[in-house]
Amino acid sequence: MATSTLSIPALVRIKHGAIDRLGTYLARSGYRRIALLVSAGLLGGLEQRLGTGLEREGITVVRREDVDEASFERASALFAALPSGCDAVVGFGGGRALDVAKYVAFLAGLPYLAVPTSLSNDGFCSPQSSLTQGGHRRSLRATMPSGVIVDTDVCLQAPAPLWWSGVGDLVAKVTAITDWKLAFHARGTPVNDFAALLSDATVFQFMARPVKDLEGVRLLATALMLNGVAMEVAGSSRPASGSEHLLSHALDSVSARPRLHGLQVGVATYVVSRLQGQGTQRVASVLEATGFWQGIRADPFSRREWLDAVRLAPTLKEGFHTVLSSRDCVPEVADILKNDATLKDCFRD
Amino acid sequence: MATSTLSIPALVRIKHGAIDRLGTYLARSGYRRIALLVSAGLLGGLEQRLGTGLEREGITVVRREDVDEASFERASALFAALPSGCDAVVGFGGGRALDVAKYVAFLAGLPYLAVPTSLSNDGFCSPQSSLTQGGHRRSLRATMPSGVIVDTDVCLQAPAPLWWSGVGDLVAKVTAITDWKLAFHARGTPVNDFAALLSDATVFQFMARPVKDLEGVRLLATALMLNGVAMEVAGSSRPASGSEHLLSHALDSVSARPRLHGLQVGVATYVVSRLQGQGTQRVASVLEATGFWQGIRADPFSRREWLDAVRLAPTLKEGFHTVLSSRDCVPEVADILKNDATLKDCFRD
Amino acid sequence: MATSTLSIPALVRIKHGAIDRLGTYLARSGYRRIALLVSAGLLGGLEQRLGTGLEREGITVVRREDVDEASFERASALFAALPSGCDAVVGFGGGRALDVAKYVAFLAGLPYLAVPTSLSNDGFCSPQSSLTQGGHRRSLRATMPSGVIVDTDVCLQAPAPLWWSGVGDLVAKVTAITDWKLAFHARGTPVNDFAALLSDATVFQFMARPVKDLEGVRLLATALMLNGVAMEVAGSSRPASGSEHLLSHALDSVSARPRLHGLQVGVATYVVSRLQGQGTQRVASVLEATGFWQGIRADPFSRREWLDAVRLAPTLKEGFHTVLSSRDCVPEVADILKNDATLKDCFRD
Amino acid sequence: MATSTLSIPALVRIKHGAIDRLGTYLARSGYRRIALLVSAGLLGGLEQRLGTGLEREGITVVRREDVDEASFERASALFAALPSGCDAVVGFGGGRALDVAKYVAFLAGLPYLAVPTSLSNDGFCSPQSSLTQGGHRRSLRATMPSGVIVDTDVCLQAPAPLWWSGVGDLVAKVTAITDWKLAFHARGTPVNDFAALLSDATVFQFMARPVKDLEGVRLLATALMLNGVAMEVAGSSRPASGSEHLLSHALDSVSARPRLHGLQVGVATYVVSRLQGQGTQRVASVLEATGFWQGIRADPFSRREWLDAVRLAPTLKEGFHTVLSSRDCVPEVADILKNDATLKDCFRD
């Protein structure tokens, strides 16, 4: 076969009022009986709007579950209890519910529809689920969603830190691509140019109009969705995740109080771009334009925890070369955290 | 099947010096014997550079042909004469050579590699070939390229009008998407949201940095390539081509001296965006930033021919609804061509 | 999409001495580090032969486990403990080890290679795994194997009941197809004609030469493999499994001492063909020619248990119409078990 | 990708009365406007039956053409003249009409439905079209049909030589597979074991019941269809065509009066199996059981022409190793044609 084939969602709607119309989208696709997995604590009004649309189209919810824990064990139990005659699995809410729903659908061999209520990371359209198994966080192979339904108004109303988190996960692509190329030169890790170009393009796309409004939410959602596709093209998370993600994973281990994934990743991206010696201006301008830094300054990070994380990060993923594997980066990072003007007030001692 | 599958090039290289390394790329893909179809009149130095790389890697050119005519008949004859034992077909040069090479590869069932020397349109990575058949221009079904190799330096050296033409073909996506949505509302033409979002994203991506340098060529090439993929996703040219393309096709018929595809399309995009009442600012800013208008002003269009084209355009493609089908647009266009400040000096009587 | 696409094993070897050459096949496919899951109690000599071939080609077994229980829980635990850097999962031995190995590979997203040492059923090349979950037997969605390696000599040496079991699972296709067509007429269950014809063809193929020798093993293995493909085409087990399988599942519940899957299925196929009023001659001739009946007569079934099973069977699978759903079949079966000449000595009171 | 993917017809109907129901099948698939290409000289009653069914379902025939010449040029002209808004291309009749229709559909990128009225060869479900180009016969890459509709009663009524021809094309798989394996050993030609096993299975499947009645037509049609799929799996004609086909092609060149493809191929298969030293009994028994030989004896071949063909055959297809390339086979064939008891009265001087 001389071309590559890849899977993309057959149904995509990124628009105002999309959750009210989910019933219509499901009915058109021939899905009449669904399992609905919802983020625990989701604002009640949202689920009611979804439900109204389902009822109007005669869609039956054969099982409805709250999800508050993103684990392989929880997903397996939900799968075991899935009633027969279910046409599709719908995940509704935040990242955890969506990761679990995606995995249940994968185990059951059913179509999966992602209905995120915020854009805090690129997981809503990726072929993996981030779940714990036996208490350890893993990125497990799942399948691409069959449908991605993003209500831009709902996502616009989501708390500001979730928006910043999504922006942080987006700019990460700049350093992830650079790390990928470093890994090619250092260890021969194969780079898929199409995936790298697509991933890179998503940052430029958002850069052209980094504004938090309905159109901005549409652009961010599109960018994050295309990042998921880039991972599918590459067959790995490389186009979306490099040392900045390792740093965030390390922070999850060493921090007294870990922050939102994308907040950690966004700052790490800036820091890592300094280590890589390229892309810093591009990253900074997007973070600046979106008000990202003010979110960080409102609750600064611990400098000490970050330096611990820089020590831990390169050991986390075997065979995964990044700029952090190329040399001892601790002294440089210490200097950056202390003296970089852009990071002023983002760190405390 | 709950997700859609699509074909993308397995090999993509968009970088400085790529044509010198074509031999390496072919050898790695296991292609040892190729047919090479070259634009008639291509600068000799370029083919020599390509040839040096092929020789170094021991790639045999089993057939080498000049192409000066993009017709089904020419492609059929080349296919009939293709030697056995050929592993791949390489198209090298401008749009005509690439369209013919793509079609020969399609007929032969061989992998096709596109090596454009300019970026004057999005045909280098689309699943169609624009060929005449019996003297009539048609967009014929072909296959996606297996490889896209863009030497950014070579494309940067190409004459300015070819660059402007590529920019014009890119901004066309703005009005093409709007026309697609109009066609959905007017006639139920199905819209593929993924394709529409991808196509739209490509314009934003280029907008973020519309500069003619190596990086700008990389961004334009990526944008045009992703447009080709959007057509593959949609299974039609809708995400890339709307009324602005109809206008350009009409101009090809009515003009005493038709201009480059993308020059006509770019201006038509601006005019059509005015008719559609949206996107004008976005289109104008890209065309402004890239110096597109100065290319037009150097050789203005005929206002009369354009008005003739506006009359002809909506009749060209049966069942293809656009803004031009929605009302008699001639008076509006006459006014725009005469009074729009952006178009000053772009038209003569 | 106008044609259907389906997955088939990329690597197939059905020949004498294949297990000695597994290392060679793996090496050619680029798999250097494998997990090896082996039937508990497999004849030691076989694993040694396999191991010799692996060593010769420098294949590393990064994990080797005995499998004696075919459960979701066991497969999940093996998946959780799978070392990183594993290229493929190999299942070696009988049905349980193969079903577990297939599921581990599915969870891990790794290629799976099936190396059966007997041909007792068609599971070695199907897209499902038969596993218990929470103690209940289920047919879980998995993936088609990437490789099927059948050593015809090894399978020829397997105990006779395993051969008869495979033959029994093969003739089941006759009644399964008839049930499928009944379900279409009774309830509109969609029939995939290609899958039905392929499945039907496999029985005829084996009928032409139902002999237990190397060539016969090759034909049986091919037939069972093509049945797996028929299930993949159909997207369900319908082309391979109908009321005769329901009867066997019911026997597993009601019997004091259930027998081999294919022994139960083979007899059930004969009985069900009588109820369906067609195919009896074809089924009988294959079972006769292969000595199947002598295997049954050596250890007759309980007539009472079978009648209990006939009562239970139609309730086992919701929405799955078969001849057993069409009427109360108990009196007819009672008569058949008692008076059918072919079944003489196959049942005791 | 660890498994292979292949295309198969999405719609298959092999049954009594299928041509009367073509309209129903088309309507269910959503094809409303078709191009219909019909064998010149087809019995009028058949087309009328087809037409009645189309009308009943409201299917519009947007173009209807007689086909009497299977050439690239004819197919290209039909493609150029195809009206817009055509949903599918239907080929109806014998091999020539079907090969042309398949190619028109390939050029147009439209679904193709094959409705053969006889089973004289395996071309109705293969991914190639046998066409002349510039007067030379070539096997051109096309696409698998989307639909295969075989009316078993219609095919049963077709003249006996067409039935024998189909049988001859089927037994050819025995020698084709042997030649493929010879080519692997002699020149490393890669063998796809799945395709080889599938192709081999089709002969055994038909052998089990080689009777000319409705059921026999169904079995032959299934066997020939699965051969087409085997070619699709292999990506070449190797599983269906070896030295026996070369001999037939050579006969087309050297004979004063070439016979039906499958009649030539069937006899050649028998002769070649003698040269290969295996399979002769299997081939002979199928040909015997179907009355094939009486068809040959009614109009014997010329021994001299056959010996000329044996000389010519190995030169016809570059790089295609068969038993005819392994040694000078002329003396052996001379002896076989003269003295083999099975061939008695099949040849004249």
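Letters A, B, C and D name the chains as they come in the text, with residue numbers starting at 1 for each one.
Throughout what follows, a contact is a pair of C-beta atoms (placed from the backbone, for glycine too) under 8 Å apart; a residue touches a chain by one contact, two chains touch by 3 or more.
All of these numbers come straight from a predicted model, not from anything done at the bench.
Taking the options A-B, C-D or B-D in turn, the interface that duplicates A-C in more than half of its contact pairs by residue number is B-D.
The chain with its Cα centre farthest from the Cα centre of subunit B is C. The mean-CA centres of subunit B and subunit D are about 41 angstrom from one another, to the nearest whole unit. Centroid to centroid, with C-alpha atoms defining each point, subunit C and subunit D lie 33 Å apart.
Taking the mean of the C-alpha atoms as each chain's centre, subunit A and subunit D sit 53 Å apart.
In subunit A, the residues touching two or more other chains are 5.
Interface of subunit B with subunit D (complex): residues 72, 76, 80, 84-85, 107-109, 133-134, 140-141, 318-319. Residues 1-14, 88, 110-112, 143-146, 193-194, 197-198, 200-202, 204-209, 219, 222-223, 225-226, 233 of subunit B are the ones touching subunit A in the complex.
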